[in-house]
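Chains: A, B and C, in written order; residue numbering restarts at 1 for each.
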Amino acid sequence: MKGVILSVNPDARIVDITHEIPPHDIAGAAFTLSVACRSFPAQTIHLSVVDPGVGSARRPILVMAGEQFFVGPDNGIFSYVIEGAARAHVVHLTNPKYFQHPVSDTFHGRDIFAPVAGALSNGVTAAELGTEIDDYVRLEPLAPDKLGKGKLGARIIHIDRFGNCITNLTKEVLTPEMIRDGAQLTLNGKTIKAFRRFFSDKGDNDQMLFAVWGSAGFLEVAATNRSAAKLLKARRGQRVLVSTY
Amino acid sequence: MKGVILSVNPDARIVDITHEIPPHDIAGAAFTLSVACRSFPAQTIHLSVVDPGVGSARRPILVMAGEQFFVGPDNGIFSYVIEGAARAHVVHLTNPKYFQHPVSDTFHGRDIFAPVAGALSNGVTAAELGTEIDDYVRLEPLAPDKLGKGKLGARIIHIDRFGNCITNLTKEVLTPEMIRDGAQLTLNGKTIKAFRRFFSDKGDNDQMLFAVWGSAGFLEVAATNRSAAKLLKARRGQRVLVSTY
Amino acid sequence: MKGVILSVNPDARIVDITHEIPPHDIAGAAFTLSVACRSFPAQTIHLSVVDPGVGSARRPILVMAGEQFFVGPDNGIFSYVIEGAARAHVVHLTNPKYFQHPVSDTFHGRDIFAPVAGALSNGVTAAELGTEIDDYVRLEPLAPDKLGKGKLGARIIHIDRFGNCITNLTKEVLTPEMIRDGAQLTLNGKTIKAFRRFFSDKGDNDQMLFAVWGSAGFLEVAATNRSAAKLLKARRGQRVLVSTY
């Protein structure tokens, strides 16, 4: 993919974000991308390929959101970017002029997404690349379910390399008042009551598992110098109940 | 190595292809490089170091093939690049003027290959770097063995991070006619009869294991949303028999 | 972090050294950085974040040593760089003008270190960024303990991806004379007597485990085509005794 981009635009500047998204983990890629893209300048072109449906009827798309471009498969990978943007336009990439031929059935990253990203960096416009659509694939929204007074049905949206379990809880839904009133998290039969300011904070007790507001604005379940995911046998997608004790 | 290149040529543009070749896996590196280099522009300088023989009599070489340059150890790592090129020239790197001194016995990537790659990017010519040779190390050729009518002795040349097992079978040896006539693959006591167009293709049956033409032009053994390598307990180098049922 | 740097200085050239330091392994990062930085040009800005204490009173610092810059947490990560430099200046980063706001409690890499590195690349001076300190955190020095005639108390300072165990022994303390006189290494009940020139050297015997001078100038315990760390059940930090047989 990098070779194709540089063949289309020798002056393109390529920056790796990550190559460690687990195979087929579309939601994990969607989360990572939606967080990472916030720190990049306007006009950045993001190329994202987690693409188990390559070769099928799954469409190739371009998303324009927050003054940035996103190129990849229409499988939900850009859902959270779109959910977080004030406005988004999605274009079905239909113009084969900007593909690399022959287009294989198994690697659109190289044959469609990379050459289109290169073309965009050369100034080709969205109108030249395809036609706008609004029936693109959407993942389940990030927002947790409200289950009644003081109760929230949340989930783990990502587990990072330290084993921290990142939930979909933000300060908008899990408010400071709820935490002050005794909010607790339950998953896999374990209860987490300790809220800390940062990872090495000793807090008020010596509980090994604790909750902390992560740098992406989501609540994380962490453990002192250990993997919370291992301690909890937690998996991505798993439900987390918020209640009051 | 990157620091050395930038010390020799501050304007060099460095692009990572992969750092995930297993230790000592020369054939895996040879395969990955021969596929990846096809997408890069002419004049690209490829620096490839899988080098278990560093410090021994193993020679440092430069390969010129397909309008690109390849710098690394003479241990077969460039075999498939040379096998796939119409013409190739191989130069034994003998001119210490372009090495970084003292040359260690354990890291020629830093002390020989990186400074030579930097010198090439500055316009130093092959003739200044050493002398042409033709007795360079060659790996077993990629082509499968022909075992008689409808039978081929193939092998697994690479297992990718998804667990797909990439064989050395191309459409030239495993022809559409053979597949239409009922070709099947056998390895580790398991038989694969299903051929699919792409990874998420449901095909004609619900067999978990199937064969698919990969993006590099080689037949791959894959499994629906799982690692075929794990299902088959397959290892790189392992034999795969093609026969007709 | 890369997005922040490019937002501050769109012309910054970013080079990845490694993303494979184990979580919380400050000494491993300190070692890797002190070795890698030697090959980079003067004026390179190194951004290093292994930061379990993020959010606590742990200070953010800039180190100037060997005509290079180092930005990261004051937790010892720059200890070996400073130990190896003729002179070093350390600045406590106190000027919030060069931070990205709001500064989170959990990711100073993005909010402090990356924008400061970007500012440095734009020509902002150390004096503008903070105030010089000399009570920065120091790790245990690299030098081994001298235990008496012919005896040294060394330790494993890093285990690389091949399983080679890199000790803190240099040729200054483990001299050619000591090796000639029969120096041996002992760890975990195993004794290593074989010294080789390079990894594939067969040496005088067929012992699987052997010692070799690594490219960074430290003695490594290695095994022929295998992981010495696995064979020895070795861990980073573990003691290694040098004695004479």
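Here is the rule we use: a contact is a pair of C-beta atoms (placed from the backbone, for glycine too) under 8 Å apart; a residue touches a chain by one contact, two chains touch by 3 or more.
This structure is a prediction, so every number in the text was calculated from the model and none was measured.
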_Tell me the rotation angle, 0 to 180 degrees, that brings the C-alpha atoms of chain B onto chain C, to the nearest 5._
120
*Over half shared or under half: which fits the residue numbers at the contact of copies chain A and chain C, same or different?*
different
*Starting from the mean Cα coordinates of chain A and chain C, work out the distance between those two points in Å.*
32
_Overlap residues in chain C, where contacts from two or more other chains coincide_ = 16
_Sites on chain A touched by chain C in the complex_ = 15-17, 36-41, 44, 161-162, 197-201, 212-215, 225
*Within their complex, state which residues of chain A touch chain B.*
1-4, 6-7, 10, 14, 16, 23-24, 52-56, 58, 104-107, 110-111
